[in-house]
Amino acid sequence: MPLSIRALFFAAYRDLLGTPRLDVDLPNGSTVADLVLELRGRGAPFDSLPTEPAVAVNRHYALPSDPLQSGDEVAFIPPVAGG
Amino acid sequence: MPLSIRALFFAAYRDLLGTPRLDVDLPNGSTVADLVLELRGRGAPFDSLPTEPAVAVNRHYALPSDPLQSGDEVAFIPPVAGG
Amino acid sequence: MIHVAVTSDPIDTIAVLARVGADDHGAALLFLGVVRNHADGRSVSGMTYEAYEEMATPVLKEIASEVVKRCGTDRVTIVHRVGELAIGEVSVAIAVSSPHRAEAYEASRYVIEEIKKRLPIWKKEHYTDGTDKWVEGMKPAAPERAGSLAERPI
Amino acid sequence: MIHVAVTSDPIDTIAVLARVGADDHGAALLFLGVVRNHADGRSVSGMTYEAYEEMATPVLKEIASEVVKRCGTDRVTIVHRVGELAIGEVSVAIAVSSPHRAEAYEASRYVIEEIKKRLPIWKKEHYTDGTDKWVEGMKPAAPERAGSLAERPI
């Protein structure tokens, strides 16, 4: 059974991709890095995402090597500019 | 003609001396240090003033060596504690 | 007492300040981030702030908790605005109080610097020439831990 | 725009803050010194502030002018209270604003540190046991100049 991931895109990334979210199926055992690879592999405009973007899994910053679980909310976080 | 000086005492100094001001006559050419000497020479409670107190002449901090002029307002400034 | 919020309403800065203070606190500090009329030499007409709200609130709480541990004050209030802001409007208000002033300055500065580093909020500058641009911000640092399931917060 | 005051009225902190800010300023900072309920382990019931007012106001102006030169902000407001203050009352309010936050923090801190060093104001602590004491403060530094008539400000 594949992993069902919900990817979220904010600000510049949302504008780049033209969507705020995307549901993605990945093979079991996939990591954050695998999700980035899968998306960038789709070609334009996805290949304009950074090769190692900041990512939050279930609202916590995550490492590329972090494994994903089905139902995870994976947010692509452009460079932040609060304040 | 002697110098006529008005000495002001604040906070702990006023409490110490029991007065907020004193008119003092000094010889021509006297300095801030001379005024302090004259006052401390009066004995108790004046001799409890520091030998080198912070002093402001006409509302500017002054040096012991600063000369005085007739009519000067010389304030004895206890250690400050604003804020 | 920690209070944090992300809000689309104008920030009531007085209310933010009123949340801090205690009988044994001798210093209070209110920092305001304000939308200004220029950036990098360009004339700015306004700003749009966008947040990943479900994450921004816990990140603010985390930053406030760190301040309590590091700076020894237990009174921290942080409110960040989102939406369309005009020049002069407050984008973020940070209030802290503490027994002595040194900790208040340290705490306030810590909060705003951490916000700039890791709060998932973005801003788009609207220029007076009609164009706009997302502000180039900072890439949040990856968490300091080994990437294992066991250590990942659930 | 510099504004300073020594007043026996309660400080309107909102009004102090409202005096700073400009369309090209991205940061504003309000510092409040507050009377607290203890000092050196003793329980305090209130505080009496006394000023050499004719000198305190020009010294505040001098400090504010130094901030303008050093920190590159031209918006500084300082209001210091005198008289009888209860626990929780504001003894001093300092508001600054500047294009960027670093200067605002620097300016605010400079003002309060210089106040502690040289503003001719004193405070008497009233303890809950009925006694009181002038707070041991700092001796203001002598001016950095040769002691000649010509150089003394008139």
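Going in written order, the chains are labelled A, B, C and D, and every chain counts its residues from 1.
Here is the rule we go by: a residue touches a chain if its C-beta (ideal position, glycine included) is under 8 Å from a C-beta of that chain, and two chains touch if they have at least 3 such contacts.
Nothing here was measured: the structure is a model prediction, and the numbers come from that model.
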item: Partner chains shared by chain A and chain D (touch criterion as defined above); value: C
item: Averaged-CA centre spacing for the pair chain D and chain B, given as whole angstrom; value: 25
item: Rounded Å distance, chain A centre to chain B centre (Cα mean); value: 74
item: Chain B and chain C, separation of their C-alpha mean positions in angstrom; value: 51
item: Multi-chain contact residues (two or more partners), chain A; value: 83
item: Of all residues in chain C, the ones touching two or more other chains; value: 33, 101, 112
item: Pairs of chains found to touch, sorted by chain label; value: A-C, B-D, C-D
item: In the complex, chain D residues that touch chain C; value: 13-14, 17, 21, 23-38, 87-88, 97, 99, 101, 104-105, 108-109, 112
item: Interface residues, chain C side, partner chain A - complex; value: 33, 49-52, 54-56, 58, 80, 91-92, 112, 115-124, 134-143, 145, 147, 149, 152-154
item: In the complex, chain A residues that touch chain C; value: 8, 10-12, 15, 31, 54, 56-67, 75, 77-83
